[in-house]
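Everything on this sheet refers to the single structure shown next.
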Amino acid sequence: MKENKSVLKKITDSREASLLIVLIVLCIVISLRSPSFMTLKSISDMLKNNAVIMIMTLGMLGVLLIGGIDISIASTLAFSGMSVGMLMKYGMVQNTFVLFLIAIGIGALCGLLIGLIISRGKVLPIIATMGFMYIYRGLAYIIANSQWASAENLGTFKDFALGSVLGVNNVIIVMVICYIIFFIVMKWTKVGRMVYAVGSNREAAQISGINTANVELMVYTVMGTLSGLCGALAVSIYSSAQPNMLYGREMDVIAACVIGGVSMTGGRGSVAGALLGSLILAIIAKALPLVGIEAIAQNTVKGVIILVVIVLNVITQRVMDKNNLKGREM
Amino acid sequence: VGCGGGNNDSGNTDSGSSSEATDDAGGDAEDAGDEGGESGSGTYAIVTKSAGNPFNEKTADGFQEVIEAAGGTAIVKHPEAPTADAQVSVIQSLISQGVDSICIAANDENALQAALEEAMDAGIKVCCEDSKTNPDSRQVFVNQAGVQEIGQALMDAVLDISGGEGQWAVLSATSQAANQNAWIDAMKEVMESDDKYSGLELVEVAYGDDEPQKSTDQTQALLAKYPDLKVICAPTTVGINAAAKVLQDEKSSVKLTGLGLPSEMAEYIGDDDDHSCPYMYLWNPIDLGRLGAYTSMALVDGTITGAEGDKFTAGDMGDYEIVAADDGGTEMILGAPFKFDADNIDEWKDVY
Amino acid sequence: MAGKSGRTIANVPEKSLKKTLFCWEGMLVVLFILINVFCASISQSYQFENVLREMPKYLTEMFLLFPMAFILVLGEIDISVGATVCLSATMTCMASNKGLPFAAVILTALLVGTICGLVNGLILTNFQELPPMIVTLGTQIVFRGIAEIALGSGGSISLTNADGFRMIAGKVGIIPYVFFIVILMAVLFSVVLAKTTFGRSVYAIGSNRLAAYYSGIHVQTIRLIIYTVMGFMAGLAALFLTSVLYGANTTTGNGFEMDAIAMAVFGGISTSGGKGRLLGGIISGFTIICLRIGLGQINMNPQLILIILGILLILAVLLPNLSARLNVKKKA
Amino acid sequence: MSDYVLELKGITKIFPGVKALNNVQFQLKKGEVHALMGENGAGKSTFIKVITGVHKAEEGEMFLDGRKIDFKGPRDAQAAGIAAVYQHPTSYPDLSVAENIFMGHEIIKNGMIQWKKMNEEATALLNQLNADFKSTDEMGALSVAQQQMVEIAKALSTNARIIILDEPTAALTKNESEELYRIVDKLRDDGVSIIFISHRFEDMYRLATRVTVFRDSQYIGTYDVDGITNADLIKAMVGREIKDLFPKPEVKIGAEVLKVEGLSRMGYYKNVSFSVHAGEIIGLTGLVGAGRTEVVESICGITRPDEGKVYLEGKPIQIKQPSDAMKQGIILLPEDRQKEGLIMSWGLGRNVVLPTMGKYAKNGFNDEKKEREISKELLEDVDTKAVTIFDPASSLSGGNQQKVVVAKALGQEMKVVIMDEPTKGVDVGAKAEIYQIMGDLAKKGYAIILISSEMPEILGMSDRIIVMCGGKVTGELSRGEASQEGILELAMEKSK
């Protein structure tokens, strides 16, 4: 009996669980209006088409956990994606694996630089990344030199996003691997817990011997690395590299985290939350055209849904707190 | 440089024919027809819609080539963002520099009016190319292809590809994009106008906001919603690219046409089942830029004023006449849209 | 009078010329002059008249800078202002095209902006747990979405009668009216932030919200006022932007929020709250505007200009930090 | 081989602008409890941080078991068997208790954290400390005392040979302190050497065998606790004699000023009623978590009560936020001076006039000149140890910060002053001064509510004592009838 109660309490107490409920309700409502939504193919399409945002959400989780923010990620992505595209276009590198390594390397360097400026130069993350948002985007334009890399130039590279292993698309596999790695690292390893520690109480972390500056550096480097990876993925998925790739989409990534219950002041948030948050956004994007909302109103509806979800989160949290208080004996 | 895209291309026009064409414009015109001369020595600016876009770049290249050949100075300006706001700053800057003319591809029909009026007040000649401003803020519009002609060409393509009947859909950029809407409306008109289109059913106009991800979502939604869909027509370069990729990857039986860049679409154009797009249309951006340059020069040296009925010779591109445009202003038309198919795509994909 | 132990505490502020000159604002003034000299040397067109003529479009962003400085001092952020400008400009054009008297058109601009700001403020004060960034991200999408719906197919609206707007776009000699209004607002907002109890309260909230609240400061009321004023100023910006555009479209005001934030940050106003002076923001605003105008006139690649701005932004924060560290090391 | 496990010589530590330690020395014997005492700001905490490698001393040497050592950072100290419970909690509010305990030395196998094992070990440690919470609880949800316990568990978990406790009892009540004494005794019996910092003499007498005193960043001396007197110690610490620690003045109690009737807030406190008169000091006491802070926060409008009424001078009043309370003449000096009381980055002057700046302002414009004069007066009134009114609040020691918080209340005519733990972590000298101010206020006819967990203080200063337990008022005692035992009995009513 007591066990049962605590299980129930666990569910109502956990943000992830309440998000899961939101997610399920969303899915049911959408399936009622559009039966094709719940098919395997539709879901696979959705995951593939949102993989880039979903992967970057992981990096952003780390950044937000230590109380930082990174609004340069879409620019980093464009820079690395464009680099890969240009390398292929001019036939300098053709090997898909090498190209991915290059993209990841570029992203890692971009992130490392940001991390250095933030952790060593003590520049506030929003300012530093705002600067780099302009810089990396500008670099993407400069290396593009008014050229795009298109399907024709991308040879076998674009096949990566088409291929599959055991029926699961490569892109989705990459995403799942990222999620599994993050899940394990954040929950089961020292490094992951250090990120939580720094975000929860930086001073304490310092005193207990954690090199907070290095954790900060690491988090931004990982963010950059993932953005770089996503640059290559995006080029492969859409068979096209353009310097304005994912312009402004960093906000979607941040929104996905916040919807998933990641605190913007640090210390709170989980991989499961990031997954649910980005899934909710992906579902909204997928469903809006399916359920037949007027095209012109789609943005408004999207905005309203985001606002409603975050406000609902607060309200349920308040109700939960209140219930907890009721339970406390006087 | 290939310039065969424009159907108006009448081959190597000699200078004689050009003076013929401009005989009503008097002495100034003589100079203008005189392959450059002093008239070309001014400063001519072209303002594109956005940076980093090969189409815009080719237009600018065409523009620059003509101006420089005529001995003038060409200024190519890309705005910092693809918005009218950003173009206002660009125009203001050009006024400060005291250029002789501005040839602009407007990001918004209306929002450049104040800036362009100011430019015209300052004695700067203003013409538009690619996408126009309202008549108050231009002297003439260099139209890449008539709206009517584009609508007709696309509609016929849909008819042809669908085999004469069935469901089709449009994948556009944003629901607010003016030229997209004009073309879509033109297609609808064409469809009403003749019985041969009666077997076609336009099921939806979807909008991908010129974002690959959203366009992909929209294409997939179309496929899911309409299992009997036969053709998608995407009169936007980003949209057609995303749709082509989706259809080709899924080996869908749905076929695609629309307006797209040959370099971007080369992979998808072909007659067989392996390719999603049998053919599509576009105009030649280089010629568009060249015509913009000739028009700018003609405006500056007074050969034309932008009034209906003005005629001039655009160097080796031949003669052009200014006609009334639907919006009450004037325009000249580069030519009919050019068809890209399996036969010619290879020679075009490296051009733009 | 001294305490019981006879200890006295000094209360005369230490004034030093060196400190005044070497403050961030002092550096910015120097930078402002340098940049103007630089621009004049690279561009022949960089003359007083031309700069003033090009300025109005940029000045509309300054309207946003003033209240944004307040919001940053609070330790918060508002990224919905660009969208507010868009919605407000749209409604203004619509009101004007309905044939309303110009006074009513002005009122529409201000009212729509104010309502948007109020909406932000109400959400943020009623759900204090929510981070401002994410709330204003949501309202940004919604405000622009509403403008999209209002603009309908075509996504653009033009003034059928721009007389009123031509009037407010007028000039005294070569100086546009909007310049005077910006200066007026600059003085007004700077004085409020620096000299009044309201301004002090804003700093208190930004430095330690709890302590401010315990000290009897109306934290939520002040936040509500500031967000509403932010909306109001966005409305004002929309009004003058319309006088530069004679119309509005779905991309109107895109990126204004980032420009306003960048100006403020470059001016020494920290996004973490409680730090910086509006004066710095204003000087840096003009510095950035002049740089943009100058580089624009030599037709520099716009992306390169953005890269330069990005580097300046980072250096503006990085250099003082590094020199402070060096100083500490030297002293130790 | 040295007699001392730990020995420090000639330690000097300079912060920008302050010499926090000036050539101090210290010796710790094996298995002894060594008290470290001194005024606020004497440098005790800084000294601890030098030992644990958090700060690097500019000069001086350190010997462990007679061997010279040089810690690069906190990790080296941990590895050498030194653990510390710092003065300001260094916990991670968002993480679980077990994680807090094992942060930095998690139990790891094959690179993976062994959650199950860690929770078990944490539970074992907590049991050892008789803790009433679980290892999986979230740290942020615990009370201050419970968090303190976790900190101690953390020190224990490293199997340290030297454990340093920096003011562990500051937030603890008598009972909880007893619990802590027991733990320290046990550790000492196990051969652990302990450095114990406290401002409470009873802690020292109860635990320590030797005591070292610092004053003004300097080493004053080391004494055997046996045979030392209060007066000697105070003289060593303060540099002067304090005659009367609790200078409770004789004040004629006036009319009723504040009356609280049936105040309730769900989950926090229930049906609380009491009243305060002019010139009266009410002691509000109870165990930590009894709900005292919550009650006074509701009176002052920080939170809203669900039910109940508050009367001021007989008239019911509505208080929605702190400013309303201040307008009515009620001010709260909050418990957490760093988070709620002061803006640490601001100068003292600005801090002091923050609640009253509106009063001096003309048409909304701040009158800075007047503010400077007034803040100088107020800060001198409470005898703040500061050079100028522009010194940032962060540059002051805890006691002096508390005095600034008190000064905030003096800038305006108040009727009721509520002090929540005003002497927490404050040294004897400063404590006496705060009591003095409190007495002066009472003399002026203020009604005062003093919340405290320290028995001597409550007994020494209050006219009447109200005891709370589990959110309810369990009794009211007059000055005459109150005794430590009586209060404790009421404070633990519930557990009976």
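Here the chain labels run A, B, C and D in written order, and each chain numbers its own residues starting at 1.
Just so we're on the same page, a contact is a pair of C-beta atoms (placed from the backbone, for glycine too) under 8 Å apart; a residue touches a chain by one contact, two chains touch by 3 or more.
Please read all numbers here as calculations on a predicted model, not as lab measurements.
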Centroid comparison with chain B (C-alpha atoms), farthest chain: D
Pair sharing more residue contacts (C-beta pairs) when A-B is set against A-C: A-C
Distance between the centres, which are taken as Cα means, of chain B and chain A, whole angstrom: 38
Centroid distance [mean C-alpha coordinates] between chain C and chain A, Å: 30
Centroid spacing, where centroids are CA-atom means, of chain C and chain D in whole angstrom: 43
For chain B paired with chain D, centre-to-centre distance based on mean C-alpha positions, whole Å: 75
Where chain A touches two or more other chains, by residue: 141, 296, 298
Chain B residues counted as touching two or more neighbouring chains: 51-52, 82, 175-176
Sites on chain D at which at least two other chains make contact: none
All pairs of touching chains, each written as two labels joined by a dash: A-B, A-C, A-D, B-C, C-D
Residues of chain C touching chain D in the complex: 1-5, 7-14, 195-198, 200, 204, 207-208, 210-218, 274, 328, 331-332
Complex contact set, residues of chain B against chain C: 51-52, 75-86, 88-90, 92-93, 95-98, 107-115, 134, 174-178, 181
Parts of chain C lying in touch with chain B, wherever the complex brings them together: 43, 45-47, 50-51, 53-54, 57-58, 148, 151-159, 162, 165, 169, 241, 243-255, 292-293, 296-297, 299, 301-303, 305-306
Chain A residues within the chain C interface of the complex: 69, 117, 121-124, 126-128, 130-135, 137-139, 141-142, 251, 254-255, 258, 264-265, 296-304, 306-307, 310-311, 314, 317
Contact set on chain C toward chain A in their complex: 77, 79, 123, 127, 129-131, 133-135, 137-142, 144-146, 148-149, 152-153, 258, 261-262, 265, 270-272, 301, 303-304, 306-307, 309-311, 313-314, 317-318, 321-322
